[in-house]
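Each of the next two complexes has subunit A plus one other chain: subunit B in the first, subunit C in the second.
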Partner chain A sequence: MNDVWQANWSMMTPEWIVLAAAIVLLLIDLVMPKERSRRPLAWGAAAGAVLALIATAAMIPADPVSILHDTFRLDGFAKAFKLILLAGGALALLLVAEWEPKEGSHYRGEFAYMMLFALLGAMMTASSGDLLTLFVSIELLTVSSYVLAGLRKTATASNEAALKYVINGGIATAIMLFGMSYVFGLTGTTNLGDIARELQETNEPYMLALAFLLLLIGVSFKLATVPFHMWAPDVYEGAPVPATAFFSVVSKTAGFVLLLRLFVTIFAAAPAEGRDPSSLLLSMQPVITVLAGLTMIIGNVVALRQRSLKRLLAYSSIAHAGYLLAGFAAMSWAMIDSLWIYLLAYVFMNIGAFAIVAHIVNETGSDDLAGLAGLYRHRPLLAAALGLFLLSLAGIPGTAGFIAKFYLFIGLVVTEPGHYVLATVMAVTTVVSYVYYFNLLVQLFFRPASLAPLRRLPAGLSTAVVLCALGTLAIGWVPDLAYDVLAQFGHFGDFLP
Partner chain B sequence: MSFLSLLVFSPLLGIILLAFVRRTDTKTIQWLGTAATVPPLLLALFAFIRSGSGFRLEQLDESYDWVRLANLPFFTDAAYVIRYELGIDGLSLLFIVLTAVLGTLAAVASLLIKVEKKGYFMWLLALEIGMLGVFAAANFIWFFLFLEVTLVAMFLLVGKWGGFERERAAYGYLLYNGLGSALLLVVIAVLVARTGTANFALLHETLHNPVAEGQLIAPLTAEARYWLLGGLLLAFAVKLPAVPLHRWLVRVHVEAPPPVVMLHAGVLLKIATYGMIRFGIGLFPDEFRAFAGAIAVLGVINILYGALLALRQRELKHVLAYSSVSHMGVVLVGLGALNEAGIQGAVFQSVAHGLIAALSFLLVGVLANRIGTTDIHRLGGLAKAMPIFSGYLLTAALALLGLPGLAGFVGELTAFLGLFETKPALAAAGALGLIFAAVYSLRAILDITFGHTRERYESTLGLRGAKESAASVSEPRVIDLQAKEAVPAFVLVALIVAVGVYPQLLAEPLATVLETMMNGLGG
Partner chain C sequence: MMNLAWVVPLFPLCSFALLLLFGRKWKKASAYVGIVATLLSLLAALGVLAGRLGGTTYEANWTWMQIGDVTLTAGFSVTALNAWMLVVVAFVSWLVHIYSQGYMAGDERFSTFYAYLGLFTFAMLGLVLSPNLLQAYIFWELVGLGSFLLIGFYFYKEEAKAAAKKAFIMTRIGDVGFFIGMLLLFWQTKSFDYDDIFRAVGDGTLSPGMTTLTAILIFIGAIGKSGQFPLHTWLPDAMEGPTPVSALIHAATMVAAGVYLVAALFPLYEASEAAMMTVAVIGGVTAIFAATIGLVQTDIKRVLAYSTISQLGYMMLALGSGSYVAAIFHLTTHAFFKALLFLAAGSVIHAVHTQNIEEMGGLWRRLPWTAPLFLVGALSISGVPLFAGFFSKDEILAAAWLNGSVELFWLAVAAALLTSFYMFRLFFLVFTGEARHDGDAHEAPMSMVGPMVVLGVLSVASGYIQTPWFGSFLGEWLTDGAYHHEAAPGWIAVVATIVSLVGILLAWLMYGKRTVPRDWLSARAPHGYELLRRHYYVDDFYRWTVVALVSFISRLLAYVDRYLVEGIVRLVTGTVSAAASAGSRGQNGQAQTYGAVTVAGLAILVVIFALTGGYWL
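The block that comes next holds the complex of A and B.
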């Protein structure tokens, strides 16, 4: 019990802030008169996330520490990814503030604090140094996400999304837990560092490979990568737009955090069968490579045929998960760096796009891509901003998307033998993605307006759009802004426990 | 602000000012859009003239820190630092001058554009920034960045302001060129990843004396170099374009608004020449030898195929599109020869074709505007109705077929001289294409200017006449070239003649570049 009292709890300041904000908002929501608008609650939640972001940024120079027997670590990796998670969460909360579904926004309060709880789960995942905390925190994220998906109680699509999410997510969780049980069985410990050390001595390559595959399936569900991506389009389409934005950015980042924490720590040390590629992770590299390639191909090709903006962005987010997985499959020294840069760029460009989609869905009640037609006529600045986000998602230079994608490319080819095939697949599927992103540009700029002009963007959305546009442009033109932050983590030298 | 940055980004000022002009104020837009292309023109001409009088272009180099991609303890400080670098030599200067000249002329020719003029000029200026930047960039990342600016700008210009099938043409352009760019990006990524630099000069150095930077950078194997060069050449073959990758070009030539085609045929295709010389021969001289034969053969195929198809076309834009394919074949022939004359010929031909294609499309734009068709079979006897126009058209045709004393002749002659030196049989076959060029260009132009009568298109004119007569009876039925259109045409003809009579104009700035290049090839 002594540990608990003597632990250095201050290193969890960002988590405390988010937790406190969530609880306070929950209580306010409880006592607030029913007819009062819940919009300030969402703004409060966003402020909480920003506060936590500042707290995290203030802790960057600190040395890596861990508490409670290494279950909670605050190393460079945790800090770096918390920055992304908090930035994404804060921006998504701005979308919540302006969420206006047809049936009324009675649940905005719940929306805000459930999102904070989900964000808390994601943050804890980044700091976990133990299978138990890792599992509990990722489940906090997932279970909160189920609620977010089904928040529109009276809308069938929302209910369907939540149900599909629960069923698929439940299966994934079970499989992942099953895989963890094998790892525990082989090593007798749940601490990631101890597991790594124990595994160096074990000689059970087949059991370990089985554990690896089960964990990979579980993580693959969370990341929505092929072949476990099918749930994503349905959930993304049915869930409220701010929740979709949150899933596509924060949940995805958390998924990659989980992937890195689990696989790099545990399996990079484990010996492989035959002992030729020096570790199990390297011997499994071909599997991940193929999955990454398939994810890019399927995500991009299926996106070509979508008419719904949300589904289109869902497939596009599958494709982006594919690019990221390719960066992981490369397993070069630039791996974590390139994923961090990409996810950071992805926060800005994707939430920016979703913010504008949210406005269109609010105004027209539909998310058909014809809703974009002629936007340039009435709202040239809004159209220009969306154009910027789309170009960035397509990876056109002058935007964050290009810088991030270029770094992934470098990671793919920097080692010998390079992953030239995967790099080529990435390049070609990027060109495929041009077709659907530019198709949206055609809608924006070429088509005559078919609908009544949209109203002005409300404050929350315009704040989100401006911040995202600034971020996208800044990383695109002055990439050192992002790379300087990254450099402070020293290429994550303290990642392995 | 430094000279080159100013040169490249000065049209940006025009874009910003245009944003504040009302959409309906077309006069101001036209005026402002044209004026914005003048600063780069003046600066480019200034640099060109100064370099003629012994000014060393290296003094214009600029370089600023941009991004440090990685900072691992076992790398040197300079590794993985990408800088913002611009720098030109004689080769880039020629293309920059070409771009600046055609940029201004295309802006003047954009008088013909009537709808959404504001957006049109903003993107036209963006296109010009991209093109200038491509030639001024001194490292691969910035080269690529500017290249993609041209991709987006062209997509929007073709897709929004083009003809009937404009969106199809725009997507064709996007996909072909996107694939070319994607391939190029992979090559660039490999080069940057394995050498730790994107700067052309440093890359050249590192590729030729590989130094152990740290055990985590794997040096490039000999085999990998061939693949890289192959990828580069393929990427630029799409953009040139080489047969069979030319379909997109035909569509763009036909569908894009004529002033945009002036820039597209005049400058954008030449980025491929520039890329093949700068990166292909510049970075991989030894490996390039292995590809030279294939390039020359491709070049001859381009010449013959383009010329034969041009013979069969009914539509003037198609004739010109296939003649572009044919003429870009001459560039390949010159590069395939891989000797001084050949490379010089490739550059001459690029500049010459840039000027000639721009002149042709300037006139095509006028024709489409006046008569409403560019179908050869529906035109005829224009010499009477539009004598000045017909004179210019004939000049363009003569330049196109390579009449001595005009620019086209210089390029073709030098390129083929190069190839005759190394591969005489192939050169003889390719020279056949030059005869076809005479046939197709004269056939098309003579049909239009002299031909039979105007009966064949009288219906079109009649319709127009009827409409116009309601407005004003005194107006003539077909208006000849007006002063505003004649000025750019005259400038182009003057340049075509100047290059044709005094090719030293191009040869002088090229001399030092070629010398270094031949040293690389010889060594």
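The block that comes next holds the complex of A and C.
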């Protein structure tokens, strides 16, 4: 008990802030008169996330620490990804503040603090040094997400989304736990560092490979990659827009955090079965490569046929997960760096796009593509901003999306041996993605306006759009801004325990 | 002055930003913002050119991003080639800005048009100034974006929307080649800088195979942008854009970017015989291929579009034949006379409100400025002696001959014959004979005529910067004095002259004097005629193959993803869940499917793993 009290709890300051904000908001929501607007609660939640972001940034220079028997690690990797998670969370909370469903926004307070709990889970995942904490934190994120998906309690689509999310999430959890149990069985410990050390001498590479496959499939649920991608379009479509934005950015980032923590730590050092003397992780490269390729192809090609904006963005987010997984499959010297940059860019461009979609859904009650028709005529700046986000998602130069994709490409091509097939799949599917992104641009710029002019963006959404646009442009034109932040973490040299 | 070259693209960028923000308030005054901005660009470009005349190449770079131990730089350079290009681009852009004031008058999105023009001009100037491939690629894409917005400007026309998308996506197919080639070069040389790449080519760091591969990959990008066979089909469709845009983007500047790119990377191409051969053959084939299609088109702008493709083919032929100077020379003269032809065509369209040449005729008297100016452009492109086109085309023919590619030389001569024929077919049908349209046709306002007069003068004068008689200023300038004019056989100029005059004579007999019936070709070779009229069925070919295939795969995958897998699962769980799934097809059935797919995926992986025992490959 003693070392629990003596632990350096200040290392968890950002987590404390988020937790405190969530609990305080929960209490306020409880005692607040029913008829009062809950909008300030959402703003308060966003402020909490921003505060935690500042606290995390302040801790960047600190040396890597590990407390509570190595279950909580605060290394460069944890800090770097918490920055992304918190930025994404704060921006998604701005969307919550302006969420206007048809049936009224009675649950806005609940929305805000449930999102904070989910965010807390994601942050803890980034800092976990133990299978147990890793599992508990990812479940905190996931279970809170189920609630977020079903927040529109009277809307069937939202209920359906939540139910599908729970069922699929349950299967994923079961598969992942099954994999973890093998790992535990082989090593007798749950600590990631100890597992890695134990596994160096394992003589059960066969069992370990089975564990690897189970874990990979379990994690692919969080990433929304093949073969666990099919839930995403339904859930994204049914869930409230701010929740969708949160899933597509924060949950996905948390999934990649889990992937990196778990796989790079455990499997990079373990020997592989058979002739190949290198590690198990490298011997599994072909599996990851194939899954990444399939994800890119399915996401981009099926997106071509979508009419609903949310569904389209869901498939596009599957495609982006595919690009990211391709970056992971490359296992280049700059793998974590390139994934970080990509996820950062993705936060800005995707939440930016969702903010504008949220406004359109608020105003028209529908998320059909036709809602974008002629937006440029009444709201040229709004259309220009959405155009920017779409160009960035498509990876056109001058935007963050290009820099991020370019970095992944470099990783694919420059490693030995180069992953030309994967790079080609990425290039070709990117061209396919132009078709649907440019379809949207045609709607925006080249259609006569068919609907009544939209109102101005409310404060929360316009803040989100402006921040996202600035982020997208800044990384696009001055990528060193992002690389300078990255350099602070010394390319994650302290990643392995 | 050269150290300030970076300001050249900034003026149009400011114009774009200002017009985006305030264009709606300023309305007609928007034009002046654009015109002044491009004028400032032009003056700055002239200053840069003057600086380069008295100095040497200038380059400035700063760190753009740091990836691990690789530093990527951004900057600008002033070489002979790009100082020259800056002036050409800024000049044509300025004239088009002035012309558009008359042409676009009354359009309710007048200021938007000028904003897009500013964006395009910025990107094009930025492309020219780039000292490395990555930066060039970035501006290359932005240029494409500007073109996309401008082609789709008349968005109420379905064709315009379709054409805008087609242009963007077709050129992007080429850009994938460019991108991969660029990354391969980076992988091999650890740099995107032109200079570093040339050094690597020189000292053998880049293996001959890699040199050929990257050169050809990058050339694929140029094929897309410059509308070369087989990625040319977007360019005729791009004529849906406003005519000043066709003049600026799809005749004088953007489509020439492919030629410019190959020229800028010329040392890379020179190092690979196969790549040079590819460039020359694609260029030569495109030149004749597009010219034959141009013979039978009835839309005035489409004739000019095919003619542009054909002339760009000439430039590629010159590059592939090793004559960098001839290519840039023709690029310059073509920029002037083709811009002139397009602007004159715009003036005709402005007057008669149709693009169909069958509905024109007898406009010579009604358009006292446009008609003679169009004639000057037509004479120039046909290569009639003393006009600019004569000198530059002669230079290309000589280059092809001296390079020893006899077949390509005769191909180019044949294309020259066709060029003068279809240009004068156009001229006689539009300006002579009886009027086949009703209503009044008036000459355009001075804001449109002025730029045409300037271009008319240049369509003659620009030829004299590089002639066998007065010296090869351009050649010496582009090669820093190392240029020596290889004497081409004198008969080439004679053949070129005869060929162009024969073409004009034939056109006159058929469409002017009408002694030869017009349906001479369609009557004698109906299939050949149809083949030409349908552009050799290339578009149909793409529609029936590539587009159909992608759309088929898309449907198939959507189908597999949604129904087929579900069907299989239904089959498996058939009897048990038949009643349940029938009642709840929407919800539970689907969620089970998703889970089943996941488990199936896992099972497949495990089975493969078990069967191969860990040997994946």
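Here is the rule we use: the second predicted complex is superposed on the first by the 495 of 497 C-alpha atoms of A that agree within 3 Å, B and C clash if a C-alpha of one lies under 4 Å from a C-alpha of the other, contacts with A are read in each partner's own complex, and residues count from 1 in each chain.
Operating definition for what follows: a residue touches a chain if its C-beta (ideal position, glycine included) is under 8 Å from a C-beta of that chain, and two chains touch if they have at least 3 such contacts.
Being a predicted model, the structure only gives us computed values, none of them experimental.
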Subunit C versus subunit B on the shared subunit A, clash or fit after superposition: clash
First, second, both or neither for A:Arg447, with subunit B first and subunit C second: second
Which of subunit B and subunit C A:Val24 touches, first, second, both or neither: neither
Partner touching more residues of subunit A, whether subunit B or subunit C: C
Which of subunit B and subunit C A:Ala423 touches, first, second, both or neither: both
Which of subunit B and subunit C A:Met32 touches, first, second, both or neither: neither
Touching partner for A:Ile403 - first (subunit B), second (subunit C), both, neither: both
On subunit A, positions contacted by subunit B and by subunit C: 333-334, 337, 391, 396-398, 402-403, 407, 409-410, 413-414, 418, 423-424, 427-428, 430-431, 434-435, 438, 441-442, 445-446, 479-480, 483, 487, 491
Of all residues in subunit A, those that touch subunit B in their complex: 333-334, 337, 391, 396-398, 402-403, 406-407, 409-416, 418, 420, 423-424, 427-428, 430-431, 434-435, 438, 441-442, 445-446, 478-480, 483, 487, 491
Partner subunit A, residues of subunit B touching it in the complex: 65-72, 119, 141, 144-145, 148-149, 151-152, 155-156, 159-160, 167, 171, 174-175, 178-179, 181-183, 185-186, 189-190, 192-194, 216-218, 221, 227
Subunit A-touching residues of subunit C, taken from the complex the two chains share: 20, 24, 63-68, 137-139, 141-142, 145, 148-149, 152, 155-156, 160-161, 164-165, 168-169, 172-173, 176, 179-180, 183-184, 186-187, 550-551, 553-555, 557-558, 561, 586-587, 590-595, 597-602, 605-606, 609, 613-617
Residue ranges of subunit A touching subunit C (in the complex, touch as defined): 160, 163-164, 167-168, 171-172, 175, 205-206, 209-210, 213-214, 217, 220-221, 226-228, 230-231, 234, 272-275, 283-284, 286-287, 297-298, 301-302, 304-305, 333-334, 337, 380, 384, 391, 396-398, 402-403, 407, 409-410, 413-414, 418, 423-424, 427-428, 430-432, 434-435, 438-439, 441-442, 445-448, 479-480, 483, 487, 491
